[in-house]
Amino acid sequence: MSAAGYSRQEMMAIATGREIKDGELAIFGVGLSMLAGYFAKEHHAPNVRAMTEGGVFGATPVGGLPWGIECNRISANATSFTNALDALGFLVASGRCDVGIIGAAQVDRFGNVNTTGIWEGEIGADYRPPKTRLPGAGGANDIACGAKRTVIMVTHEPKRFAERVTYLTSPGYLDGGDSRDRFGFQGGGPSAIVTTLGILRPHPDTREFWLDSWYPFSSADEIRANTGWDLKAFDHAREVTEPSLAELAALRRVDQTGALRKEK
Amino acid sequence: MGMGKLISLAEAVRRFSWDGMQYASGAALPVGSDAVVFGRELVRQGRRDLHAVFHASSQQLNLLAAAGAVAKVECGFSGLEVFGFANGLRRAVETGRLLLEDYSNLAMALRFLGGALNWPFVPATTNIGSDLQYRSAFSGEGRPKIPPVRDPFSGREIGAFSPLRPDVAAIHVTLADVAGNAIMLGTEWSRFELSRAAKRVVVIADAIVDQDCMRQFPNLVRIPDIIVEAVVHWPFAAWPQASPGMYDVDEEHMVLMNKALATDEGTASYLQTYVRGYQDLDGYLDMIGRNRVEVLSRSETSFLVDPFRRWIVPPEHLAGLRGEAA
Amino acid sequence: MGMGKLISLAEAVRRFSWDGMQYASGAALPVGSDAVVFGRELVRQGRRDLHAVFHASSQQLNLLAAAGAVAKVECGFSGLEVFGFANGLRRAVETGRLLLEDYSNLAMALRFLGGALNWPFVPATTNIGSDLQYRSAFSGEGRPKIPPVRDPFSGREIGAFSPLRPDVAAIHVTLADVAGNAIMLGTEWSRFELSRAAKRVVVIADAIVDQDCMRQFPNLVRIPDIIVEAVVHWPFAAWPQASPGMYDVDEEHMVLMNKALATDEGTASYLQTYVRGYQDLDGYLDMIGRNRVEVLSRSETSFLVDPFRRWIVPPEHLAGLRGEAA
Amino acid sequence: MSAAGYSRQEMMAIATGREIKDGELAIFGVGLSMLAGYFAKEHHAPNVRAMTEGGVFGATPVGGLPWGIECNRISANATSFTNALDALGFLVASGRCDVGIIGAAQVDRFGNVNTTGIWEGEIGADYRPPKTRLPGAGGANDIACGAKRTVIMVTHEPKRFAERVTYLTSPGYLDGGDSRDRFGFQGGGPSAIVTTLGILRPHPDTREFWLDSWYPFSSADEIRANTGWDLKAFDHAREVTEPSLAELAALRRVDQTGALRKEK
């Protein structure tokens, strides 16, 4: 916990939650992104229409963070259970979902995400095993393709912010510019990368991610030092508003088990 | 009941599995409904060289990979959610012992849908443009992974998924009757589509109910008996994962199991204690621990089963319903 | 309840229909669940030039066609099963007043599925090789009906269906809460897929239940509130067709209605008596006949509703839940 | 009712029912085909796994012939209700269903079926309204494409037995020979046309329908006179075995309302 009375992860969750507007159709993954989403619902978006990848609708987690998106903690008070085809297909890949929150092991200057594996050097033309196998795409690729916009949540470390992801699991703006367009995705791509140090947003033309804002406890320089590409900053870049007491209280009601309070 | 298909777990694995088969299970996320105990029995009976098709990973796949029973995997997610990487699976992939072909979670659902419809291909509007399309762990087989296909209406190019028709699917359900009609509580994931895509379906039920239950709630019976080969009764079949309405995730064992599967020694020890450490259902529940069974059963979701309790057949009446006894 | 979407039938038709829209309903076979009363109200409010998309015909489509409200239809079946040809629809087609585009029943389900997924096309392995593929009532529009597409895996040619995304779907359900969560008893036909394919969904429920009912049976809630714009409460909404669990087919009226719609005079008389012959729900039930309402309610299927009766909101409590009253 | 004590339609239903084997996965349409199917279940195929197009499983109709395949009479004792995609798609078009029974307004020498409309003369290249609009394809096209075999049930009248159907709603063997093969249907095509006068079956090479058998009350000549193409007969053509008392009793238990006893 910082001297400010909240952790970096809490700041990241709150900054992410601020991206969610009331009434939106939203999909949250497991873990931190679910906390950020339910924080928004608790604080400023009571009518957010949230679902999980498996088709759990109308639920609010009980007894702390669910261990998984099919967990009993989120199955205890649902109004509807359907299936993955419905949630990820009918409602997300179709373009109906307003916003999705996804995580990343690695993200690059065009907002492409890797959650599949870490290789030493380039993978090369043929298959070879990764040095470190990661959890794979899950629903994140479908959300990255289909949700009207996505918010990427990621711990800000140099190894995670690469010029180019080694393995492109979930598309951001691919090679930048209009290169995403030729795949005809229903979704518009990532609108923000929210990190433990600040917020990056895509340049409207090049689609390269630029520095949008830093937190009260971080700085533009610290963010640049932790970013693996030559990070440019918008003219309007500024400090993010500190979490309000109401925001922190709402977040901690959702984060009953204190997962975010442990400083990483 | 002439249509009885109730057989023992050991018998189900003997009759409906073989080395090298394409085996599908779970179709649920890593902490939820999956026929984990079917995987334990596959290991007990020494099945090898499986081609596993899992919508998402689970402790079952983690175990099968750690035990060396699996040669190839296709799945949409290979972690254990907040329990971290699936260490058994991860090690098998990193050492090159196992080839893992990556898709997204929607892709897996659609590939089961395509298999159920027996389509030659399924339109892909996601997974394209990423390494899910461009990279294949099975590239040596010479078959394209997600080739392009052109929409005849607009002329634009999308992708094509290959449909899945697994040889056998072991599907975890909450309630089944002895004919094979089955009710799933909680999200289905892709168990509905998988049950039609698979060539043979074995349902693993936490509880057996009288068929009157199905006639009272036919809209809940998403797996009808006519597509089911066999029914296995096995409480806590998804343990240490959850079964909504029945029991919660055993968080302690989730961690213990995944830690064990991170090393060869741990895996050997886990197999000894938790895979070969029981002879029958009674022994299995003893292994979990009767006290823990009781605690896990006190789930916040228990009320979901209430409408069906009156039809649950008491375990002591089940022996007479076993198909193999005849 | 802040999420209340309960509005009157008249209001629903005013807000969610317009001349020329692509309108989907029913998705049930001709004697089963369909929002027939929504069609009556469309006629009462004088809607014209509708492009109707019905999985299968029903008395609603028969009526809309007879009343001249429909210019184009796409459907998989245009009869009334054992009640014979749908005379209103048949006459409109035979005289050329209405263009009917033929598909099969599976094709319509798949086209809704494709609309729900927002695919550019849906693989067609049936309907090809027949006049369903080769002949189009809409050929004047210049868009191919079921063009060929080549499977990129095998190289063989199949067909491609065009997905459907209707402007509005009026979907008959058995039970709904005021937020729009809905339970269908009996076969769904393609109401699940349709509810996702349509741009706007209005559910027409035979009864309103408290949301606790949905939390007890979330697996039965196949239409979640987040995709529903409005909820209309209207008992006997499918009359003279059946609603499993609620009421049987009114065989006498099925015959009377279809006979009436066989002529212009009969249609005029039917509209006068059975479409404009009521002011509100009370008047509607009077029109059917209170005795007949009671007889039809004594269905062999009534037991299907028993588990849910305790949550049904008495009609006298509904006025307070109406969204528009505020 | 004939002097034999059973009607032509009853003979047709029994002859159709004899085509259904125990244990098969079968789909029955509404009306006569459902009676024929449930007769088979009642008489010699108790384990037939029957379903309807809408996904009604495990049901036996109560109180007589259902008015529709979603009718309450068949919804009163089902073990499962699913949907059309499941029944017609997953189980029929996929090739999993063993046998389907379909009706016909018009059938031709290659077993192609018309249930869409009657036109005067050829339809021509462009759309024109039919003289008589019929009920359309329903699930019959999907059954004709996907079921391992189909049985076509039809009243034997010259106008219904055409050299070529005016509108081809549900494919039989198309132009005969191997012309069906190029569409890659999962189903094998019609194995029999069972009529009110007898049974026709496809020649193994040409796929043209030939006379296979006649009923005790009909004859090869009567059948030829009512068939709109030059009907050839198999060498083995013979008289069908008369309905047994057990068959008639079983049929009449199913046909409670006597729909088949009215002589047409």
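Note that the chains take the letters A, B, C and D in the order they are written out, and that residue 1 is the start of every chain.
Keep this in mind: contacts are C-beta pairs under 8 Å (C-beta built on N, C-alpha and C of every residue); 3 or more make two chains touch, one makes a residue touch a chain.
Not measured: the values here are computed from a predicted model.
Could you tell me which pair, C-D or A-C, is linked by more C-beta pairs in contact?
C-D
Taking the mean of the CA coordinates per chain, how far is chain B from chain D in Å?
The answer is 40 Å.
So what's the Cα centroid distance for chain A and chain D, whole Å?
That pair's centroid distance is 57 Å.
List the centre-to-centre spacing of chain C and chain D in whole Å, with centres computed as mean CA coordinates.
The separation of the two C-alpha centroids amounts to 29 Å.
Hey, what residues on chain A touch two or more of the other chains?
If we look for residues of chain A contacting two or more partner chains, we find 75, 81-82, 89, 93, 184, 186.
Among the residues of chain B, pick out those that touch two or more other chains and give their numbers.
117-118, 120, 125, 156, 158, 185-186, 188, 193, 218-219, 304
What is the shape of the graph in which nodes denote protein chains and edges denote touching chain pairs (line, ring, star, complete, other)?
other
According to the definition already given, which pairs of chains are in contact?
So, checking each combination of chains, I get A-B, A-C, B-C, B-D, C-D as the touching pairs.
Looking at the complex, which residues from chain D come into contact with chain B?
Against chain B, chain D makes touches at 25, 47, 49, 51, 57-58, 77-82, 86, 89-91, 93-96, 184, 186.
Taking the touch rule as given, give the residues of chain A at its contact with chain B in the complex, in rising order.
By the definition above, chain A touches chain B via 30-31, 52-56, 62-63, 65, 67-73, 75-76, 81-85, 88-89, 92-93, 112, 116, 123, 126-142, 145-146, 167-171, 174, 180, 182-186.
Report the residues of chain B in contact with chain A in the complex, numbered from low to high.
Chain B reaches chain A through residues 28-33, 55-57, 75-83, 85-86, 89-90, 93-96, 99-100, 102-110, 113, 125-132, 135-137, 139-140, 156, 158, 185-193, 242, 244, 248-249, 251, 254, 299-301, 304.
Hey, which residues of chain B end up touching chain D in the complex?
Against chain D, chain B makes touches at 2-3, 116-118, 120, 177, 179, 181, 193, 196, 211, 214-215, 218-219, 221-227.
If we count contacts the way the header does, which residues on chain B are in touch with chain C in the complex?
Interface residues on chain B, with respect to chain C: 117-123, 125, 143-144, 147-154, 156, 158, 160, 162, 183-186, 188, 216-220, 303-304, 306-307.
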